Every structure is written in structure tokens, then in C-alpha cells.
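Heads up, the thing below is written out as C-alpha cells.
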Amino acid sequence: MAMEYRRPRRDSARKMKDTQTLLTDLRQFVAERDWSQFHDPKNLAMLLASEVGELVAEYRWVAGDAADAHARAGAARERIADEIGDVGIALLLLCDRTGIDLGEAVAAKLAKNRARYPVETARGRAERPADS
Amino acid sequence: MAMEYRRPRRDSARKMKDTQTLLTDLRQFVAERDWSQFHDPKNLAMLLASEVGELVAEYRWVAGDAADAHARAGAARERIADEIGDVGIALLLLCDRTGIDLGEAVAAKLAKNRARYPVETARGRAERPADS
Amino acid sequence: MAMEYRRPRRDSARKMKDTQTLLTDLRQFVAERDWSQFHDPKNLAMLLASEVGELVAEYRWVAGDAADAHARAGAARERIADEIGDVGIALLLLCDRTGIDLGEAVAAKLAKNRARYPVETARGRAERPADS
Amino acid sequence: MAMEYRRPRRDSARKMKDTQTLLTDLRQFVAERDWSQFHDPKNLAMLLASEVGELVAEYRWVAGDAADAHARAGAARERIADEIGDVGIALLLLCDRTGIDLGEAVAAKLAKNRARYPVETARGRAERPADS
């Protein structure tokens, strides 16, 4: 399905804006609009779900073996980057509100997954739905 | 609803693991298990949707005005951090596969949102569903 | 939170269109457009997820204790009915494609839930996330 | 992708339990457990999103051209029917709470879709994401 896959080059050589700077920008954006009153974690989880729904919509009619190419084409790529931006914003807002560090949460979960899916048994086998 | 809200202190003073390091770790995790064959962007969008579903499940019976407190309690906090870790992993895998830089996508979308929701008209008003 | 809740009167006294008639109409709609080629169960699950995302968007900024009233107001009610229609269409298409009878699936799951959540222990307690 | 697709025979020749009977059963199930206090439309939209997330999980690693067969196999079929049951329950609870008739909402949206996607222009073309 993905034999031909090669990791695409970065869109840009610019160094990624670090997460702390993004959080500072997001906080300012929210504060200027007085939106923190709407941003309890329950509502932000819903925001995240609705944004992910839009990202899923982008791929729903794309065949699996065309999915890599789809994200490289002009208009589709821009829409996908837009949706990923929305999902990232929602996720960072939720992390900021709950005081959960995204990088730490990812690293901690990755460590759990290493233990849960040992290389010798997991190799080449998709995780079973019941496992997650 | 969130009058009493105060940003919680970070779980840890440790510096966040930077995104590049996380990506390197994730790539190794996937490569060791030969899972890249399953990770086309369509499948990863579905992974993201299912992980977000689990995060939403955590809040579905929690009242809005109890949602901030919910994420501070012991077992619930751990589950929420776990689900955020899963969502973050899915999102980073999707970014890596499509070559879309998460930080850039967030920054670009935030810039668009600044234009779309001017402070003077958006202040104190939740975005309307039709707008997003 | 919902003390004041009273079941609203039906929008209409018309008898609900029965599911078999709806399925016949949906099949014709799809056949006329030659869309069955896109409607494998994986794609339909994604359609369902994206439509549910739009429904969730409708409620994300609505406070829990205003959620009942929200669905009764003019424009919001129409949008919600629209989104419910979309979700219903996606779900029926998936059922039709997989040959799973929606009514039977609901009845069977309800029977399981009766056993899983005995009245004496479940009464007045929201299901715990870990249980579902 | 779905050339070989043939509509599967119904699991059962039993007549589908009609929606009104299911609603009566669901209301009794909820009333016995005093759960109506948790079932405002916002929470039910979240329930729906989390159940759909579990259904999506079932298909995330299944290739598109294997998706029809996946729903016919023993254990997978049972899990999928289970998840469809959960989604149906959440959707019916939401319809009942808001007083929106599922059958009417589906029929009304189908009528809108007929106008939105005329046969002559839509034939054989997947809906574009931006359109939905």
C-alpha cells in the first residue's frame, strides 16, 4: 500500500516555531477576544473533535493508495495543512487549559506503547482495535 | 462558567522535549515495528479520530463547570494525559507522513484566525458554528 | 442540570417514514449518482465521523444547561436537524453496505447494556469512561 | 475498489424492530437508571462522537479494498455490529431528547442532497470535501 512512500521534504527550511512561542501567541489571541470563558476542557475536547471531523472529511473519498499523493497536491495540501493547524490549535488550547504538557504526554505514551507492543510480536502487524 | 479559572502550574519544570526529538523517537518506534505500511494519511486521520473519540469520552458526563477540576484529579488526570498523548502521537505521525510542519500549520492558521475574527467584533462572543 | 427538561412534542404528527422506505430511497439516490464505488465501509465510517464532527460543532460553545433550549430555537434547531439527517444517512448507508440491521443492532446492544449496567449499581451514576 | 461488491443478505429475516418500539425501550432503560440528568443534547453529542470513534477504530488499519470483507468475518462483524448499535443508541437518544424525528431528518436531508448534487453533474464523482 505504501511501498512507494518516501518522506516528503519539509515545506520550509525555517526552524519550527517552538511550542512555547505558539502557546504565548495562542494565549494572547484568546485573551484579546475574551474567549477563555468558553474554553473549559469539555468544550475544547468538542472543538478538537469537530476539527478532526473536518480533517477526516478531507480523506473520506480518497483511496488508501492515493492518500499520500493527495496531501502533496496544491489545493488539497493547503486544505489539509489548514485542518492540521485547526487540530493543533485545539489540542494546544486543551493542553494549556489542563496544564498537561503535550511533549511530555506524547513521550510518556510512546514509552507505554513500547512496552505494550514489543517489537518481536508487533512487527508488521497492525494493532488490533481491541488493544487500543 | 470559568470565572474561577486559573492556569494550572505545569506538571513538571522539565523543559518540554522538543518536537524534532519526538519525531525521531516516533519514527524509530514505527520503523522497528514495520508499521509505516499502515500509516498512509487516510489511516492516520482515522487513528486521530478514534483517539479523539476516547478523549471526548473522558468528558462526556462531566458538567461544563466541573471540567476544569476534572482534569486536576488523580486518576482522571492520568487518563486525560494518556489520551492527549495518543492524540499527539497520531497528529505528529500524520504531520510527518504528509511533510506538514505542525508548528508552522498552527502559526499559519492562527494568523488566518486573527483576520477572520477581529477583536472588535469577536470579543466575548463564541464563534458561530457556521463560521468554522 | 436537566431538572427542567420536558420531552418536546414531535415536530410533526406525521408517521415516521419507515426505515425500509428510507433505505430504498437512499439506494436509489446513490445508484443514480454511481456513488456505490466510494461507499465501502471504511469510507462510510469516515463519512459518519465527519458528519458527527459537524453535529458536535453545533454544541461546542453551548453551556450544558442551555443545551436543551439550544435545540428548540429556530436557526439552531434547523441546523441540528440537518446534521442529524447527515449522521442518519451515513449510518444507514453503512448498515446497508454491511448488511447490519440498525434496529437489530440497537436492540442487541441495549440488551447487553442492561446486563452491563444493572439498575441497582448504575442508578444515578454516569457510566465511567473506562467502562465504555 | 468495490467492483466485486454485492449487497449482503440480511443477518436475519426477522422484521426490524420499529423505531418507536426501540425508543420506548431506550426511555425505560434510561429512566430505570435515572440517567436522563446526564443526557442533555451536548453530552449526547459527545457520546455519539466517542461511539463513532470506536467504530472508526475498527476500520483504521483495514485497506479500502478489504473493508467489505472485513465486516463479513466473524469476530470483526460482531464488533462492528456492536459499535453500530452504540452509535444508533446515542443517535436515537439525541433525537428523542431534542424531539427531532430521525426518519424525518434523514428524508429531509436526502431531499436537500438531491437538489445539491444533481445526477448529471454528480454522477461518478465523489462529493468534494469543500461541498460538505
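We just call them A, B, C and D in the order they show up, numbering each chain from 1.
Here is the rule we go by: a residue touches a chain if its C-beta (ideal position, glycine included) is under 8 Å from a C-beta of that chain, and two chains touch if they have at least 3 such contacts.
Bear in mind that the values here come from a model prediction, so they are computed numbers and not experimental data.
**Student:** Comparing A-C against B-C, which pair counts more contacting C-beta pairs?
**Tutor:** Counting C-beta pairs in contact for B-C and A-C gives the edge to A-C.
**Student:** Copies chain A and chain B touch; is their interface built from the same residue numbers (over half shared) or different ones?
**Tutor:** Mostly the same residues form this interface, as more than half of the numbers used are common to both chains.
**Student:** Centroid from C-alpha atoms only, then distance chain A to chain C, rounded to Å. What do you get?
**Tutor:** Chain centroid spacing, chain A to chain C, equals 26 Å.
**Student:** Report the inter-chain centroid distance for chain A and chain B in whole angstrom, where each centroid is the mean of the CA atoms.
**Tutor:** 6
**Student:** How far is the middle of chain B from the middle of chain C, if each middle is the mean of its Cα atoms, in Å?
**Tutor:** It comes to 26 Å between the two C-alpha centres.
**Student:** Spell out, as numbers or ranges, the residues of chain C touching 2 or more other chains.
**Tutor:** 1, 38, 42-43, 45-46, 49-50, 52-53, 56-61, 63-64, 126, 132
**Student:** Could you please specify the touching residues of chain A with respect to chain B in the complex?
**Tutor:** 1-3, 5, 7-12, 14, 16-20, 22, 25-26, 29, 32-43, 45-46, 48-50, 52-53, 55-56, 58-59, 62, 64-65, 67-68, 70-72, 77, 80-82, 84-89, 91-92, 94-110, 112-114, 117, 119, 122-124, 126, 132
**Student:** Which positions of chain B touch chain C when the two form their complex?
**Tutor:** Touch list, chain B to chain C: 1, 42, 45-46, 49, 56-58, 60-61, 63-64, 79, 126-127, 129-130, 132.
**Student:** Mind pulling up the chain A residues that touch chain C in the complex?
**Tutor:** Those in contact with chain C are residues 38, 42-43, 46-47, 49-54, 56-57, 59-61.
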